[in-house]
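Per-chain numbering from 1; labels A, B, C and D assigned in written order.
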Amino acid sequence: MTSPPSERATLLVSCPDRRGIVAALAQVLYGHGANIFDSDQHTDPVAAQFFQRLHFDLSELQTDRGTLERAISEVAERFGMRSELRYQNRVRRVAIFVSKYDHCLYDLLLRQRSGELSCELPLIVSNHPDLEPVARQFSVRFELVPVSKENKVEAEARQQALLSEQGVELLVLARYMQILSADFVSGFAGKIINIHHSFLPAFSGGKPYHQAYERGVKLIGATAHYASAVLDEGPIIEQDVVRSSHRDSIADLVRKGRDLEKVVLARAVRLHLEDRVLVYGNKTVVFD
Amino acid sequence: MTSPPSERATLLVSCPDRRGIVAALAQVLYGHGANIFDSDQHTDPVAAQFFQRLHFDLSELQTDRGTLERAISEVAERFGMRSELRYQNRVRRVAIFVSKYDHCLYDLLLRQRSGELSCELPLIVSNHPDLEPVARQFSVRFELVPVSKENKVEAEARQQALLSEQGVELLVLARYMQILSADFVSGFAGKIINIHHSFLPAFSGGKPYHQAYERGVKLIGATAHYASAVLDEGPIIEQDVVRSSHRDSIADLVRKGRDLEKVVLARAVRLHLEDRVLVYGNKTVVFD
Amino acid sequence: MTSPPSERATLLVSCPDRRGIVAALAQVLYGHGANIFDSDQHTDPVAAQFFQRLHFDLSELQTDRGTLERAISEVAERFGMRSELRYQNRVRRVAIFVSKYDHCLYDLLLRQRSGELSCELPLIVSNHPDLEPVARQFSVRFELVPVSKENKVEAEARQQALLSEQGVELLVLARYMQILSADFVSGFAGKIINIHHSFLPAFSGGKPYHQAYERGVKLIGATAHYASAVLDEGPIIEQDVVRSSHRDSIADLVRKGRDLEKVVLARAVRLHLEDRVLVYGNKTVVFD
Amino acid sequence: MTSPPSERATLLVSCPDRRGIVAALAQVLYGHGANIFDSDQHTDPVAAQFFQRLHFDLSELQTDRGTLERAISEVAERFGMRSELRYQNRVRRVAIFVSKYDHCLYDLLLRQRSGELSCELPLIVSNHPDLEPVARQFSVRFELVPVSKENKVEAEARQQALLSEQGVELLVLARYMQILSADFVSGFAGKIINIHHSFLPAFSGGKPYHQAYERGVKLIGATAHYASAVLDEGPIIEQDVVRSSHRDSIADLVRKGRDLEKVVLARAVRLHLEDRVLVYGNKTVVFD
């Protein structure tokens, strides 16, 4: 993989399972001079669905990118594929929604700055002013959009305008404490990643650490998932847990949970940005 | 800890929190010549409850065991304690209930035989004849007690008679696929350990691996808990998880889950047999 | 994946990285009517090596197996590939070497009997008679081959004769406490899996739990690896760890370690039997 | 635990094992009106050493702190104890040494600011100027002390002067890439915590991720330990691991390792600051 990142691309495809798909895709890439670095493929025998991720090098492409794109589209059409081609030098623009907790926000900002998350971060939106100094530290635009029962429609319109104006392609809810409307979510389907501070489906809804404390569980978890119209029920991208015990107060669970939330959310965002996640039904295929 | 196990004992106490408890217990043991090897203590500030486990040596006891017991009872009464004193040479008698799955049964039998579980295993009860050969391999009495909607009352009476006749002090449900009645459970409260093949409270009830598959979780779990009148809601003793992915069919989840179930159940049984678990409300204190 | 297992096959290939490999393999399978279920591929950019595992269905093969094999061989030759094709109905014959510890032996026997390990188990060899009853319980031939400094050469000759006579294709060292000679190992290269009871390369050599205890580590591990001429230095297939603390005596480490050893060894054997492991240099590619 | 933190204290003791220690300590605290919240005790039967941590409330102390301290000293003398009493309102002053990596530094600064680490952070010392802006963001004094083979003695003298001037009681090496002299370390024995980016004792010394990559391990680790005269051989406080695979380049290991390093170092620092760690020989007792 000695070619520069600007010469690499990723193709994500899914379609009803049929024979010949792997060969057709390999052939079209090879035929145009694209060299496959990594290929991962999965067939779900129950859903009869085919999924593949191809990561390849374009530095010795024998045609131009437009020609390659058209050839891929032809294969996609033949097999009834959804396909998504992304050139690695075209990084996504990401917005972060927060409220008052700063741990996930700091974590994402630091990872982006260190190059661990391949994206631009042009926008932070919050319903509270508290984290504006953090945004300023990292020179990211901060927009305060207060949300109340009364102004919810206007607030979401303002948020959507900001996302649209900034050309945002991924929205990360980094412990954003407001529920987005079904309309907002469906207008951005598959492009909103939320972190929930429990091992879903356990302890969905509010105050999961309190629920975990009451139930006396011996592990606490965190779940990163795509937002869907129904709260906490979207497709799960990543989960992890950490051990807890009778010694842990709710404050201890909150503290332990913060580390989990940061890591689980960052992993999910990274998987998405590297085009490793495919959604089908209410589930995900994660090629990691 | 060079004294023989026969000269050791464990004291488990719980009571409303008050000052002076630790000193009083330490004093009564020291005063009688018992030497504390290990002591673990916990105060739940929310429930205002005190818990302690003391493991001590009796080899240089200056009085007899009866005198020590009376002295402990006096302290217990003074502080309104529930207390339980167990001499290590008095191992518990354990029964196992199974249906058709053999993995947890084999696991418990092998651990008991290797000395890892300090108990006697005089009885295996099943509603199916399939696992009788396993019982025979390990020379454990096997009783077939078929259970149906019609004979449930008689079946439980038969089971209770067997437990009573064998002096059973702990009942392990090793993937026993029948629901015990509330009466049966309350008659054996805090002495029935069940293994549920999910990370409770997620996926309680039937077919948890199917539920996990449908939801697309990225970890599957197992939970060992004391049985209570309400199914899958008893106090949790131990839990663990293992990673799963889109590649796992339900059969894969079942296979991965078997390893979890064995280990989680065995840990819980071991913790109970070593008097490391205290129940309060619907939660446990586990001194591990 | 509704075709019967008898109609499936796995192809494992590795070769110097070149463009067109993926397309050529996909094409040859597709061209003969083999339908790819699962394909996983990896390119090591440092070693400039290409690796791929293809799992496919033969139920609609348009030619016969011999023709397909010849076509694959031609591709393999063209790209300088090592390739291995295995029909799923041709399960491997596996021998287990043990000494006195029974936990890994029982574990493998139970997993094989439950169908979790797709193999035949025709032979158990030990340098001690202790585990013969276990072999008998599972109706597996048990051969006692005592080993001493004096008879080592004859003993290994006897072992090799047994393996050869039984057509053994995989040898599992399930806590076998003798060191095999370099000759023995090289005669069975890549076909001997050993379990070492530490997180290699930490605590190689003898008494790893004692070493771990002395060093005061907070985790203990187990490592399954292919045997190589140099003790404990062969390619690692699988590793895992479990938490330990100052409370753990050496006996506790041994007990905790047993669970690790069983699981790690079983996973490695399973990965090998499902043709998911490729060795290169002193490392492995594991397509799991 | 409704008393304010200012009214709490922790007592850590260790001594040769003898009978009556637990009773004597409980008695002295009770007798002065100190109420024990939490007590954890351990006896190492091999080393014949006794260890205890007592966390207690002083809000109803019947004497003054000086009297209590003298009473504890008398018990300590009687049993040949090392003892350390710390009032919770007297937080430690901590210095951080760094080089160029910022992830552990940011992590510690954020945790301290959020109240997760109970300490003051008056000083950051580095041999490079790169991280000065981070120090400034958090308003912590930054001192550049370049280190070379030639000026090592002077540089360490300058570092010691800074630590002394600032009254530093704990020094955290947060990926500080210089080796401290044996003199420096012994002058600060048990008060320097280092993070090593491997699962020690595997991959001690330089470039552990490169070593891990070469060896092809399936897990990578991190170890927080007290610095000792011999590099990477001091008493281990905390370790953890994360799964790796053939897909991970060295850059991937570095990235995954960063998350481990942060969490493992922060846990160790927290355990130390809460007086949960006792060193004996080259090992630790960690009351967590």
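Note that contacts are C-beta pairs under 8 Å (C-beta built on N, C-alpha and C of every residue); 3 or more make two chains touch, one makes a residue touch a chain.
All values derive from a computational prediction rather than experimental measurement.
On a Cα centroid basis, the chain most remote from chain C in this structure is D.
Comparing chain pairs B-D and B-C, the larger number of C-beta contacts belongs to B-D.
In whole angstrom, the spacing between the mean C-alpha positions of chain B and chain C is 36.
Contacts with at least two other chains are made by residues 42, 45, 247 of chain D. Those residues of chain B that touch chain C in the complex are listed here as 38, 102-103, 106, 110, 114, 116, 137, 247, 255, 259, 263.
Remark: chain B residues 42, 44-46, 51, 199-203, 215-219, 221, 235-241, 245-247, 249, 282-286 touch chain A in the complex. Contact residues on chain B toward chain D in their complex (touch as defined above): 1-2, 19-20, 22-23, 26-27, 29-31, 33, 35-43, 45, 60.
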